[in-house]
Amino acid sequence: MIIPKESHLTPEQETELEAIASEGGIKLMKITGETRQIFLMIGDERNEEMVSRITGLDYIDRVDMVMDPYRLMSRTSGLAGHKVRLNGKIVGDGFTVIAGQCTIDPKNPNYFFETAQAVKEAGADCLRGGVWKPRTSPYAFQGDVKSLEILMGAKARTGLPVDTEVMDPEQLDAVLQHDVDVLQIGTRNALNYGLLKEVGRKIRGRKTAVLLKRSMHMGKIEEFIMAAEYVVAQGNPNIMLCPRGTTPAMDGYRNHPDECIAPLLKERTWAPVVVDPSHSVGKASYVPFACMAAASYGADGIIVETHVSPRHGIGDDPKQAVTPDTLARIIRDCRAIAAMQKSHMGHLHVTAHG
Amino acid sequence: MIIPKESHLTPEQETELEAIASEGGIKLMKITGETRQIFLMIGDERNEEMVSRITGLDYIDRVDMVMDPYRLMSRTSGLAGHKVRLNGKIVGDGFTVIAGQCTIDPKNPNYFFETAQAVKEAGADCLRGGVWKPRTSPYAFQGDVKSLEILMGAKARTGLPVDTEVMDPEQLDAVLQHDVDVLQIGTRNALNYGLLKEVGRKIRGRKTAVLLKRSMHMGKIEEFIMAAEYVVAQGNPNIMLCPRGTTPAMDGYRNHPDECIAPLLKERTWAPVVVDPSHSVGKASYVPFACMAAASYGADGIIVETHVSPRHGIGDDPKQAVTPDTLARIIRDCRAIAAMQKSHMGHLHVTAHG
Amino acid sequence: MIIPKESHLTPEQETELEAIASEGGIKLMKITGETRQIFLMIGDERNEEMVSRITGLDYIDRVDMVMDPYRLMSRTSGLAGHKVRLNGKIVGDGFTVIAGQCTIDPKNPNYFFETAQAVKEAGADCLRGGVWKPRTSPYAFQGDVKSLEILMGAKARTGLPVDTEVMDPEQLDAVLQHDVDVLQIGTRNALNYGLLKEVGRKIRGRKTAVLLKRSMHMGKIEEFIMAAEYVVAQGNPNIMLCPRGTTPAMDGYRNHPDECIAPLLKERTWAPVVVDPSHSVGKASYVPFACMAAASYGADGIIVETHVSPRHGIGDDPKQAVTPDTLARIIRDCRAIAAMQKSHMGHLHVTAHG
Amino acid sequence: MIIPKESHLTPEQETELEAIASEGGIKLMKITGETRQIFLMIGDERNEEMVSRITGLDYIDRVDMVMDPYRLMSRTSGLAGHKVRLNGKIVGDGFTVIAGQCTIDPKNPNYFFETAQAVKEAGADCLRGGVWKPRTSPYAFQGDVKSLEILMGAKARTGLPVDTEVMDPEQLDAVLQHDVDVLQIGTRNALNYGLLKEVGRKIRGRKTAVLLKRSMHMGKIEEFIMAAEYVVAQGNPNIMLCPRGTTPAMDGYRNHPDECIAPLLKERTWAPVVVDPSHSVGKASYVPFACMAAASYGADGIIVETHVSPRHGIGDDPKQAVTPDTLARIIRDCRAIAAMQKSHMGHLHVTAHG
């Protein structure tokens, strides 16, 4: 990984750098973080002669040989200070809340418009709305591209950034024709490396962020982070990590809640952690508790299924969605807990280094 | 289950009741709750003639045929209003905290005395101290009965009620020669029905309570509650249910944290839930977060390994124990979160019935 | 599902059938089995008027409302008699063996040519050779399209049908330019419904078969069969189900062996079951035992990593591949065990119906 | 561990040895294997002076510092050549079969007598019959000591050695008043170290063997072997290791079959492995396949629930028991497969060392 001295190189400097790399049998991938650019070396980066030539350039600070299997996601990577933003606001500052419907009902767009307005008033930072739906059965309702226009309509009305899931290259292309802020990659695609790379490639140079759900089956923390590495290695580091419960389910819940993974992720990577309590517990009455637990474990935010009238929802909403009133109480409590959690972190820091 | 009209029967009434039951081929087990006594029918309780004779007694309110596999632990049982107390204070009122060392070091009793005083000052309600230790290897240090006297000494000095683990009938007899307030049954014995019955039998008629840890392997909620039923069916209903993490471990923790089980237990039983975050996460720096998550999920309390000087601890303390300072902050934050959680419960109630 | 009286309809009959369905709001998907064609109704098949018009056609036998969530894969489906063939031989007749290298080394093609010849002599029915390799790290070697030509060269030399894995639409297109007999879908793509449909669509009307690996995380049998349904519902029913071990691993193996799933699959579907013992146990010395266990549980065949010189292999071969000598012994023993297993099945049948 | 030169020491030699050990702060436990005795050192065995005094005795061969956590069960232990016998026949020679009812019906002893005779004729080596039954509910039928006399009656009639489960010290004492050959320790007690030690202590100096079931929850192989170490460390090394399936269950079976663990156990210990297929799969029609798979993986034997009339059985028999006819076919096939498996082992040996 090549770390320049300046935040951005001039075109001439980039050209020179690429020429040296190319002679050394290396391709460069430029990763554009918020405040600086770094260059990932694709190929054998242990070519000593090439490395010493690059290190010798006066606009280059250093060449790092990152030993973590995740070179970019690691806390020791040159990207470590990168911040992901939604509408200009840093994810994690003051506890970030994404809320909205699991699935937009293309036949009843008003519910979505009302939900959008209500989650904004409740204090949410971003609006979620599902257009397509992965289904175990090939014969079940799989969504409707018309919902994409409803989503964009809600963005126009509320001014909230929007989040939606994409499941294949065709959906990705459809979504990228609109100004969608967050692309969600679902739990069933968390090991679909082809899709991860395709998403990464298509958002290169855009402000778009990715919310990567943890595979419902992922055991190892590293496997989750490596999946994020696939996206980020294509050039856009705007990624959020989203625990959403694992299988087999805890008896009585939809999944086995995994908000407790947040501190483990934050020790290893710089990326924000946004927990999905709705899918973890799978029942609206438990959702507030799971949100508060996510804040307790130091998550940077939550993504919560919310509907103005859950029983009129489709997809998972009738079971899982909370009302905007409940969402407002969740946000108030989670922000208070997040402050307590940060204070515990501060004490840990003092104990360790003070 | 026979529910009398009065909180307690006279000896003559009891004798009459037993005689009728005996003619019907039934043995009665008297369960003495805080404010009333009920009688469990051991045998075929569907003997209609007998049931109608009992129902006809003027001091009997009714005979319930509880259909839950756990007749006594169920929220619909005649015991449903029973409260477990520590030092007279109801477990759950204001969030109950049990704290102290994993294992008392018989060679350095002063650490335990200091820890006892410090957890009292930090606001704990009960003092834990391990005398024996279950070990996977038959050749490892397994504890020392001398530590029992240290435990009782700390009780005398601080006035705190005390909790310790028992693993076999011999240890049980040793402990019951002292005024130990809480008998802890460990995760490896959670399916040891012989021990569960023996403990239940030996504390019949005493004020002693049992803290029953969940088996590290228990999947089904029902299996946990049935284990508690084994104890309570012997006559003393002072039981607390203690989730403590399951295996296989969440990658990075000692176990897979399971504080999220609290609402599921509280829906099915009347018993207080006291979570053990220390064993769940297995590392002191994570313990405050797991404690706060337990409060978020509505636990009635926590049991936290605490040591005035963790690195001088034995057993799990060097890794897991928090300091009394951290404990004080945990207690303050958990009490605030517990109040938020109750407020969410209140809103749920209004939504459902209002 | 529409079952015609004849094995194949005339073009005029098909056109008439499609017109009636279209008026009823239904699309038809033709599934071409070995000896007959059936028509799957996509849409609401409970349109009674339409169904009675179709049933009235003199070339139609009946319209089945299959209640299984897997309409085509079910033992009660009109496809139930379908046989999958390799080189004309029914999969399962005499225990089918697919063998060859995990990964073809594009720099050393001779090892693959020698392995191909050797597995043929050992008695294998089909040759496997991996061209690409799914990797957890985006920076690891991911395969080389040159290996595809080596694979086809080995087919030409030995006359064996060939099997290779495809992971994304690009690889699929590359493979379908050659006469590959079996497309393998790997464990990480077993829930990638986009790829499953794409594969199904592209092999419609071809003799190509699919070997669908079970997801390493799949718990429910039904989830596995539904994934197969995604492929088959595109029109080509040549599918084999491949258990390959699950995670978390059995301590000491690479995965948790799951050959025991074979009877459960065969009770529910008509598709042949071909077990992958190499990935289950992950070490060559255990592979013969896992193969014999697969035959014991009634598998129709096995797919075994084999290499003439395992230590010169790449990918998983150095650890997992057996030698052709061992393969020959495995084939001999598995065929004997498969005969014993069938005899037990026969006795069961007599007991149940005799 | 002290290994004498002679198979047995004289009383004088033993006394001398104990005196030296005692001075070194060590207690000795004598383990009496089939052909020799060894002495386990309880305490700090790294006392160099003591070790050199013992090594200097002319009747002592050597003092081994076994580094395995299981000193006695390890293949490198002085017990490694120990053979467990049933009725004088080495367990594993020619594939050992234990068969009989899950639970003896005290009201219908004739079924058990007929079953006993039938399993003998089918070729079984030992007769199982359950007297008590561990139950999740404290209110369920838990067995009847009268069945113990029925078991001994069947032993007298058939001459077969007998096996029965014990769950607590009381049952253990009852069983040891009779000439029971195999004490079975059930899956729920596999971590009940108190019971393991008690059983070990009570069979010291007897020919009785123990069949130790694997905990349904045991993940690590080592945990299983350590449990066996608890028994053997009391002095009697006649132990058999019994995999019986784990939870969570494979969807469609009663448990997750684990016969595949046999090679992993046999690599680490010298003890025979006897698989329980009946509890693994939990349905009679699958049992033959699971038995054959156990033989495929190199088990030394199986324990199979068998009943002359399964539908008249109690406990698990109506679902799980096979008939004696099926048992005879199982025995014939397993013996053939066991021979094939040994031949593969032979080839492995040649490949590795030849």
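Order as written gives the chain letters A, B, C and D; numbering starts at 1 within each chain.
Just so it is clear, a residue touches a chain if its C-beta (ideal position, glycine included) is under 8 Å from a C-beta of that chain, and two chains touch if they have at least 3 such contacts.
Since this is a predicted model, take the numbers as computed values, not measurements.
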Would you mind naming the chains that touch subunit C and likewise touch subunit D?
-> none
Of all other chains, the one whose Cα centre sits farthest from subunit C | B
How big is the gap, in whole Å, between where the Cα atoms of subunit A centre and where those of subunit D centre?
-> 53
Taking each chain's centre as the mean of its CA atoms, how far is subunit A from subunit B in angstrom?
-> 41
The distance between the C-alpha centres of subunit B and subunit D, rounded to whole Å, is 36
What residues in subunit D touch two or more of the other chains?
-> 219, 248
Let me know each pair of chains that touch one another.
-> A-B, A-C, B-D, C-D
Could you pull out which subunit A residues touch subunit C in their complex?
-> 42, 69, 71, 134-139, 167-169, 188-189, 191-195, 197, 215-217, 219, 223, 226, 229-230, 233, 247-248
Within the complex, which stretch of subunit D touches subunit C?
-> 219-222, 248, 250-253, 256-261, 263-264, 267, 280-281, 285-286, 288-290, 292-293, 295-298, 325-326, 329, 333, 336-337, 340-341, 343-344, 347-348
